[in-house]
């Protein structure tokens, strides 16, 4: 009786979508643990979590958006522009920091809405729309900042929320954990998540069921844009500065993390635990290679290979 | 005056230039089962989509319980209490059974949270009322088509709908499931729910409905009470035309020589059973059937696109094995698909490329395309088929449907097959080109080609076919010679389940 | 059976991973000595660093220490900081790093020093950080050398365009500031143009400038890419002899242009020395507690008189 229950439980865990990702992460960890002495130290594992955080925070939202069958390539540029906007408002204009934060988030929501409305109302594929806004926002970041990085954030008190450490963990990774948890709850427990899965699974069926799929997707676009902004704030908290050129290529890294985590590129299927682990995998590879002192020429190629291998492992563990 | 729950007042719907519904006025009685019948393209599905808020009428007014209403979205329809069980079974494969049933603007649960436990319990209860056993936690992608259909019916019930419209709900169900459905419908009726039931199976429509309404060519023909209805009258109303097309004289080039014989074709997945027939050299063989009769499935099984079992196919007395369209092709069988856009046309390529694609291996020299040869062929067939175009290098998408069809036809003619299977060759084509294609078909048999024409346009088949097979429920129900052609007889055969 | 298939696939995947990483691991040279140094630079896959890599390798060989050369392939500050963090976690004996932001590296450099790891800045300096010394050019001074050479080739009162691929980057700004001083003293009319980080666009920017100002006397760059672009623009427009060109760094294209007369000079910051001296200083500090000192590597100007020899050395990876 009890044995059977346990067996069933194990079976349920093993056949879960995210189990393959978990195995891939463990395999990577074991490898780096054997290859280097330093990888498995407590401090380094915290480093891994912190270094995965920026990509991870955006991955959570991107996973939700891909689940509802859309993409957002503008997150990397938004990661730069929102920080620059905040920097200009506080440092150049001299606005109150909290007001500046509100304005920055309002702007992020606006960008999400613009991405979404162009895609959904005019009917341009989101891949193209956000490719356009990706360049547009990058340009805006460069123009607004005059190309210069902005620093001096350490004097603002908000830095205490996004920077520093709590309970021994860097603030950045606490935000990541919180957002990943919220993402898990949204996708698995709320009506919104339910509707996102339905929208991505069969848009027509969802529409015929009376779901406003346009609204659901629009929420997804707003969330990626807002997540990129939160990520930008945590980056400011960590570095004390923001550069208009930061975040280039993040969009692809984020999509890769999400896909490694088991998100189907055509929507309808994803796992938040998987996405979380996917972001950790990306962070672990970079950290491990960097600890080994691998040449810069080889790092990119390794990451690409590991992404492919991780996806293969993941697919094998799914039906 | 009858007590109508939903009334259509002078409803018209025009798509582009095509009139789908023309001044339709009738009502759906409260607490009754209304059968809705009509030929393919009569406008039944459009009418349902108007009730569901997917389409809005071009003209006219809907009256709901005595009040004029506008139903401008599926959500608005849900709000009124209208539920539709669609023909193409739209479900979210990635969700569970219970999640699909409760998918809608109002999902059960407190605040922002969705209560899956409640949904599963409720689903179990619904299913027990329906007498079906499906695990509510099962993913829908693991369900059979019949189960999916039942899920959608349960979904309509869960909405506490006042009006449930069902578009051919029984096509995909097993006999056992059909009986369950009948029980459910009668139970719902007793509870005061109004039901609209669309089906090609006239027998079941008669059995179930309190009243039968007939649509034809987008117009409302009239209704019959249960007592008045019998298959003959219904068929007459469905096909009765203003002008009966006379059985004009047609040249017959068919010979006694059997060029293509099929014995015992089976395909479980698509419900094809024991299909056997022979095609004579130079003959035009028509195959008539309503939607869902399995015509296209049969054709695609014949050319090896769908896997079939136990078929013995002979071409001119030689038994051949056809496992893929390539085999069919090698044995001289050509197939022009019904779905031009998805299966026929090479999108955004020019006319020459579209025509020459099947014969491309013959038109290359060491891997290089012989453009001049291709152009010559294209020009030859453009002339032969009188394809209207500005240049043979024009993008195929710029041509009208009729001319696209001619290009596709040319593609096969270039190969000069022994047997050509045409699936709805005149669908979605203007009247002028339709008759040109018909003439061409007859012309081709003159040159000893043998042609199978699949169509749901009975009159068209009657005018060009030398012989006609009628299909129903995946079986052949009649084999008629030209002398025996009769609209009502054919329609009757197309709606029976009895095999000959 | 199915499980067997999965397990074997997993094994293969692990094997592949091991082989890949094993190969990567081999690339770091084995040490005769216990010291392990890490050189971390921005845009690490840029050809600019080839002589610097030679410098670190030469120093490593002669001292018998293990040196790995790495860094982010972008200008991403966050990633650069992470890689220093990883070097600390790997417990290396010394770090030489470029510091391409005035404040963002302060925390991480301080952390390294706290852990007892010596840090030497190379190539780009952040004087406010706790790096022990800086090995590289003094950018303002190098800028003055540029200015003097501009005056030499266009004469007093000439009109010139000075391009930069990264406006806002501190060292490029400083070079420009140095050049500006000299140009102001000699009444040279200059315009500063953003040529972007893309070489094709950069050439077009100079050509556009010529279209608008046909009386221009010279195109110059404050970085490697903009210098390459300045000579390419002269070549494209066929203006050799009429419009002077030159700037910084020894990109092979720039050297060829000097040889062919499309450019007149380039200021060398000798990246070889940056790698070479940095490793030496880290070694001396570890071995004899000799504190690292600032070293100015900016020196020579390459022009038609010595370009032939320099090209040979550049092909060998030393200049």
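A few remarks follow.
Going in written order, the chains are labelled A, B and C, and every chain counts its residues from 1.
The rule is short, and it goes like this: a contact is a pair of C-beta atoms (placed from the backbone, for glycine too) under 8 Å apart; a residue touches a chain by one contact, two chains touch by 3 or more.
Here the structure is a predicted model, which means the values were calculated and not measured.
Shared contact partners of subunit A and subunit B are absent; no chain touches both. The most centrally placed chain, judged by C-alpha centroids, is A. Per-chain Cα centroids separate subunit A from subunit B by 45 Å.
Averaged Cα coordinates give subunit B a centre that lies 69 Å from the centre of subunit C. For the pair subunit A and subunit C, the distance between mean C-alpha positions equals 32 Å. For subunit A, the set of residues that touch two or more other chains is empty.
Residue positions of subunit B touching 2 or more other chains: there are none.
Subunit A meets subunit C in the complex at residues 23, 27-28, 31, 35-39, 41, 43-44, 47, 51, 54, 145-149, 151-152, 154, 235, 238-241, 243-249, 286-287, 289-300, 302, 305-306, 309, 312-313, 316-317.
Residue ranges on subunit A touching subunit B, taken from their complex, read 189-195, 197-198, 200-202, 204-212, 268-269. The part of subunit C that touches subunit A in the complex is made up of residues 5-6, 9-10, 13-14, 16-18, 20-21, 24-25, 27-28, 36, 38, 44-45, 68-79, 81-83, 85-87, 89-92, 101-104, 106-107, 166-168, 194. In the complex of the two chains, the subunit B residues touching subunit A come out as 52, 54, 73-75, 77-78, 84, 86, 90-95, 99-100, 103-105, 107, 109, 112-114, 155.
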